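Order of writing sets the labels: A, B and C. Residues in every chain begin at 1.
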């Protein structure tokens, strides 16, 4: 497994000397490393967003890529720094939950605690362990140093509770996970769940409820409706997304990450949930549908 | 023609997982490709601005550079994806007009429609064809796959109407094309047109009218006037620019892309157009001056 | 000394075609150059901030790195362009003070004025000398052209006055140098000065005064206090920083670069300066403490 790509994600922004310091440290240790920026614009301290962004792109990277994830509100405290090794990738991150979504998708994870000072910078600060510990380790790892070298195996790591959508009484109840730059609202509802809903209800069409509004248009692409109109569709991650054509669904709906989303099946496209509700003859049994967002 | 540089421009911003996904896909197919970011901060869906940015920098890149332009409001619709090949460069972009300004500057363009699924990702989404189709094709192309492979030749492509400045009755009438990060207003008026105006009128000096204001200072560089003062000058693209020293002309003038700009020749620097107008003895014939912005 | 890394810092932002033009010019001259972005988000024309950012990260880069610093409000005027060569690095920048902080940290500097048109682009604009002169020179230098080639030696360069903290009557008086993306306020007071203050006063604890407020919490890391609380600590540059846990000290305190910061020694942590002041028995001699920020 070649190890020369380093995928870099931080909440440092790009205004200061922080990211440049990381790049310098890595280049100094391994001039052949290919640094690939994931993003440096995670909202400060937003571990959940960072976890979602990583989960949404890491599989596209070459085998051997080392992901260096520095979103670290408790930097310098006793929180540990982890090196996680999966079949294809390495992840270096503080043990604060930021790897939750990625590690739920992987099996056979080898976890280590980064401890070996030999691979840290000689002078250590308490407030920039990304520069002083994590970046040098990523660089040495990319240079071929064996992962055993960096610290002892460990089995525990912090993870946050992953909200899963539910299918219940002919209704999917999910959540908004992420609002992207365009204002598209990505939910935790996978495409496959719509098919389950169709099977259960025998109905073909859907209405989506979010932020007190009903959305009737279920499209195949963003431009399937008039400019500015709301629609929902299967997004590029295979998850249901709420969008407004060439506009921001997030702003239009005043909806944010964590807000509830409900999808019901209806007889004809464009009919309202309320009318349909009365005719519902759905089983009362509650189906839990486990998806890693 | 070596083909290892991939110039990447999108309107994805840098907050999300979109650009990272593109970088991952390319690195996975061709680890030796050099990805060079042009910008990812085109205003969402602003095809005209994207076209202008590309036109303003592409000629500085090495021969063989593959430009991957993903500003794509109608992603997933029936709009085609194009591969344009010129003498020195390749351009991959949706067929939505974003290549208008570049292709007007080039002759001998070979156009293809990207169709060969062999070079797409195995799983295709409807909302992220940049990741699933365009990035992989760029990567394979950079690896040396012949452009014939990607799809059939085509001759038509969407282009938008290019506004050209006019020289008419001793007056240049043009438009603001672009406001840059500093608030400088770049017009579609080339330096050469000022010389035509001088020849026609026999007058040496100029006054520029924009947003209901007259600007008298015609400088050689931004610092040619007092701090905050408005001036106009020949910018780095050879086009007339309106600027305010260490300040924003766009904000001062409340002028945006598309707004009209007029330049008249006057006898002495600093004199007003209105005084001069009465003395005009200009021919009435209308000269159309074709410049690609 | 290998010379293939080019560290790029500008105030161009990332929205326009400016940075892309630089990257293209460099890639065209030396396709093997490794361009490493420092930042392009320096506030327009903010020479002091640019100088501070550069000073805060340059030492982490590999020997031979060429730093190309384009923050250039007087571009196109008669201001010179400099090439500074130190034991480990090269710096190319306009002669406007932007190298002040770096060059104060270095000895044995060889300075040249960039003059040799052979290494400029054939067509020169007056408003984008970064693209037309500085980037090509960086690229040729990275390709191995000797620095003698680019222009004659010079000894003078513009530098700005560097504010130094003072230790006086049991009190450190310093300044805020920089507010980072998190709102942390980085001062010009080095850790070592706290020790001097302890020695002089025999007192162990400190209180920091800034913006009319007293801060009592002196921590080891940002998470050493409750969320939102103000503290001060030794930051990653070895300088005293004022922070608010997972919040912005800059916003909370309404304090900016240049504002005064005072630190006094007190008997017990958490006691106020005013109570202590009366008991002061400090020597009246004024100690000047020279630190390059």
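One rule holds for everything that comes next: contacts are C-beta pairs under 8 Å (C-beta built on N, C-alpha and C of every residue); 3 or more make two chains touch, one makes a residue touch a chain.
Everything quoted here is computed from the prediction, not taken from an experiment.
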| item | value |
| --- | --- |
| Pairwise touch network: line, ring, star, complete, or other | complete |
| Copies chain A and chain B touch via same or different residues, half shared test | different |
| Averaged-CA centre spacing for the pair chain B and chain A, given as whole angstrom | 34 |
| Sequence positions of chain A contacting 2 or more other chains | 14 |
| Chain A residues touching chain B - in the complex, by the definition given at the top | 2, 4-5, 7, 9, 14, 34, 36-42, 52-54, 56-62, 65, 180-182, 220-224, 233-236, 238, 241, 245-246 |
| Complex contact set, residues of chain B against chain A | 12-21, 23-25, 27-28, 31, 35, 44-45, 73-77, 125-128, 131-132 |
